[in-house]
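Take this structure, written in structure tokens, and hold onto it; I'll ask about it next.
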């Protein structure tokens, strides 16, 4: 089994931290997280707004500088890569952004957006090769040829997102951070894009970090899942396992909150107390405790550690054994 | 295929221009203003063909304070000719229309030169403040605050007083008062664009800082700068006439709309036409630039596209 | 709130120092010779040299600037310095600069206040009316009127008003003085024209913007009368940017009444400053400009405080800061 | 059953840039008293326009109700005077908007915003209105003392509770809930929906529940209507529509959902895009995307076919109500 290349982690994150200094204090956006992403697989990263999932994605491709911790991609330390190494790394890891409206420059044509990485990396020798390559990328993501010279404002959200995907594919990367790529889209378009992403993964042997707040999407597309809450990972497992039996009380609540569009699927929702507290200068102790239906006084004392409570099941909860 | 690329590029540009013009031409007042400004520009360019400069600056006291349409005898190249003063004459017997025509040239040059200077300085400082941030930003914005807390007219007067009364110093005095505006606009636009995901995306595909500024940020801040500049050409003309009126800009006998009014002050009781012609010239010009600015604002606003 | 105001006042200090530095530098490079001015043209070289030394003009720039700030000991030309509230004496009239400013500033204040009040009283209702009927004939007329107001040179408005109402109709005097209200009518109208135009346009666009907001739709969905929607729900939100603009306008009216004051021969601060610049009367220029800059910044501060009363979001920023300390 | 709302042959157009956006096209819809009707559709289907039309809130010159009738409790809303409409809005019909962040006036206290509605519609003094506003806040789980606070002092979920309190303050007979939880986080969404379900049951309010989520419909609604390009293409009880979706568009929506096609490796999305509302196809609006398109579909616009109250607007069912179902 261990010889199977798909089981090897292509990306290893260890004790990653990112704090932002804001006027009210220190925002613990990403607070000491560690995880691996297996080659050719999809890791889903789930959490509610402000849990640090987007920051994590940006740290991986170094759009933000991390405060501490390590990110190893294919043996290269991303956090300390020189600008030369970064240039090489960028051809291997790319990102697809959330907002199909703000993530592409409104003043550039479809072709110049998709072709920009080719020009920067001088991947093509002449104009003819450039045009061929752009056409090929457009075909890969399902954009009609006639849109070559179109401007983004002439296109709908789904097509814009395809542009973003084509741009990310232009450098032929192996790893792509997908930051909520479908959450701004309507269901029928969302399904088209999800299918596209899965097809591309099969065809090009891509590895994804798939960031989303939508559990049904992540359940559909991911092989493994990490669930984040206020900058920390609360649970990490294989997708199937996690949805069959969520252990962390927060995972339980999330999983119960998925609205299932089937008759007789109505189930009891776990209703959590109050709302997410601020990630600015969090108090010690379990960050979920104020909303947890099972919290005990000791939960507010020490930070729970992410630990293996069952084979292959990592949970950060003081009372995890109760739910196993 | 290369040929194809070029023709497609041209087609794209003409599509953009057509689209822009369709938006702009919906504002009839702005189109009329553009027309007016073009006429004024032509008059300014061909001023010497319409009236010779010597003629509009030399005195002929026997023709003083003629009413519009009256004729008088003038000496021109030592010849005696009869001249119709279409808009009358001033207290030195100079032709008002002729002085207006030459004044248009001065105003036009001042308007464009000051705005160009302000864009160059203000744009650069604003771009540094917005893109680099941190210490540069603080420093530039503090100084801007300081300059803004001195009333602009006093600042201009003080600069002219300090540097001496010359055309170039007048340009400096006026453009200084506009620089803070450009710093703020450019800085604000850059900061808002810097937060856009497409700038992050550009960084992600390995674009350098220079490329990001030139290809992604600059094209997106031209619209607000163009709008601001159009409005500023108008206010610059207004400022110049105010300073000339105070005796700090263009001094008589050089023709300038503001100093024409300044000279007219004592005679308005007897010759009200001295008051109306230059005043209306300023009013119409400034109004036209304001209307064009409004029209551009609407036509260039991406929110109103399509 | 109090702490916030105190902090803002402390922040005034560097700004004012910056202003004095800029103005002082400008005056320093001005080609004028105060010593010559004091002595007249026929003074001997020795006397001239002595005068320059007495006035401290032979010192390097930075020393002169420091003396301006911290004072200068001399039996005739000495003064305590800006930081101690002494701005020295005018080279021309030999009067105390600060006293001169204090005697003329109230006159300017009367004019500027009158102009601002007139502008607000007319501009805000018209702006609201325009915004409630956008693109109607009424709106178009007022929009053109506002554009005209913003495009007319102040001195020209003044001259037209003088020609019409003073010279021909003889309704108001052509010269203004602070003790005669009827003489203030024309300068106040002149001065308010531009501000009125700006405030009108701002009120209109801000009101139009607010009327598009979701909470206006909420108010209508609740069945509120249109009057309540406009005056209770929309106006307070729309006024926030209007207050800023009005504050800026008031500041520039105080410092920028120069042209109006000159034309109406009105004894205000603006007239004094222009005369001082013409006469290269450095202490007078420095003193007046610093004074105006300070007034301007204080008005901005007052506008910010006023925000707190209109916009609760800002008030809570004040109190949040208080709580944290 | 007793109908609280009858919409007949409604047409609503918006006008912009010399183009006419046909937002609602020949729409007919009935709502039963005391029931929750789910209205499903994607962005641009005209869901919010329908809700605003029911309040007669389409404002000239941008938008106009071209024709049709809307009867609320037998009274024609489109024929009401402005005064009658103001009395109807907020009292008989209330609305909840999608985004709680912008739905509340930032410069007025939440108590004031609730109390003014009560004061306007009920014969009470200002003090009584305020007291009732505080009570309403407590009903939605917010301490009454917070009535004196401003919207920015509340979190997103709390704001939506305030909006709910506001809309239910005068005990309306009909509530139009326009994507009331879309802007909220999943766990907060669960809280708010739980609260809404409870209140609707308590007050016996009829609700038009607008959403794009089929999952929320099955959990919250009694009937469901699918909307596409400004018309209702399918209508029935939740059991009818979810048990046996008829219209190809409704089926397409189900096929697009990851959680529905559990186990299936691929989703089955609808190909193509929503038609341009300024340039709708001549025949069935769905025909360009429909997997079962027939020549007739491109020519003729279908009308409703009823099968035991399960309505569908599709030529496949036009000829014979018992036609074999296509897969």
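For reference, chains read A, B, C and D in written order, and residue numbers begin at 1 within each chain.
To be clear about the criterion, a residue touches a chain if its C-beta (ideal position, glycine included) is under 8 Å from a C-beta of that chain, and two chains touch if they have at least 3 such contacts.
A quick note: this is a predicted structure, and the numbers were derived from the prediction, not measured.
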Fill in the blank from the handout: Ranking C-D and B-C by C-beta pairs in contact puts on top B-C
Exercise for the section: Return the distance between the CA-based centres of chain B and chain D, expressed in whole Å. Expected result: 53
Handout entry: Rounded Å distance, chain B centre to chain C centre (Cα mean)
Key = 24
Exercise for the section: Measure off the straight-line distance from the CA centroid of chain A to the CA centroid of chain C, and report it in whole Å. Expected result: 54
Handout entry: chain B: positions in contact with at least two other chains
Key = 306
Fill in the blank from the handout: Two or more other chains are touched by the chain C residues none
Practice task
Going through chain D residue by residue, note those that touch at least 2 other chains and give them in order.
Solution key: none
Handout entry: Pairwise touch network: line, ring, star, complete, or other
Key = ring
Completion exercise
Chain pairs that touch, by label, are A-B, A-D, B-C, C-D
Problem - Of chain D, residues touching chain A in the complex - result: 42-43, 155-158, 185-191, 194, 212-219, 238-239, 242-243, 252-261, 265-271, 273
Exercise for the section: Could you pull out which chain D residues touch chain C in their complex? Expected result: 55, 57, 85-91, 94-95, 97, 99, 102-109, 116-117, 120-121, 150, 152-153, 163, 166
Practice task
Enumerate the contact residues on chain C facing chain B in the complex.
Solution key: 14-15, 18-19, 22-23, 26-27, 29-31, 147-148, 150-156, 159-160, 162-163, 167, 251-252, 254-256, 258-259, 262-263, 273-274, 277-278, 280, 285, 289, 292-293, 296-297
Problem - For the chain B and chain A complex, residues of the former touching the latter - result: 1-2, 5, 8, 11-12, 196-198, 200-208, 211, 215-216, 219-220, 302, 305-306
Completion exercise
The answer for chain B against chain C in the complex is residues 142-143, 145-147, 149-154, 157-159, 161-164, 234, 238, 241-242, 245-246, 258, 261-262, 264-265, 268-269, 272, 275, 279, 282-283, 286-287, 290-291
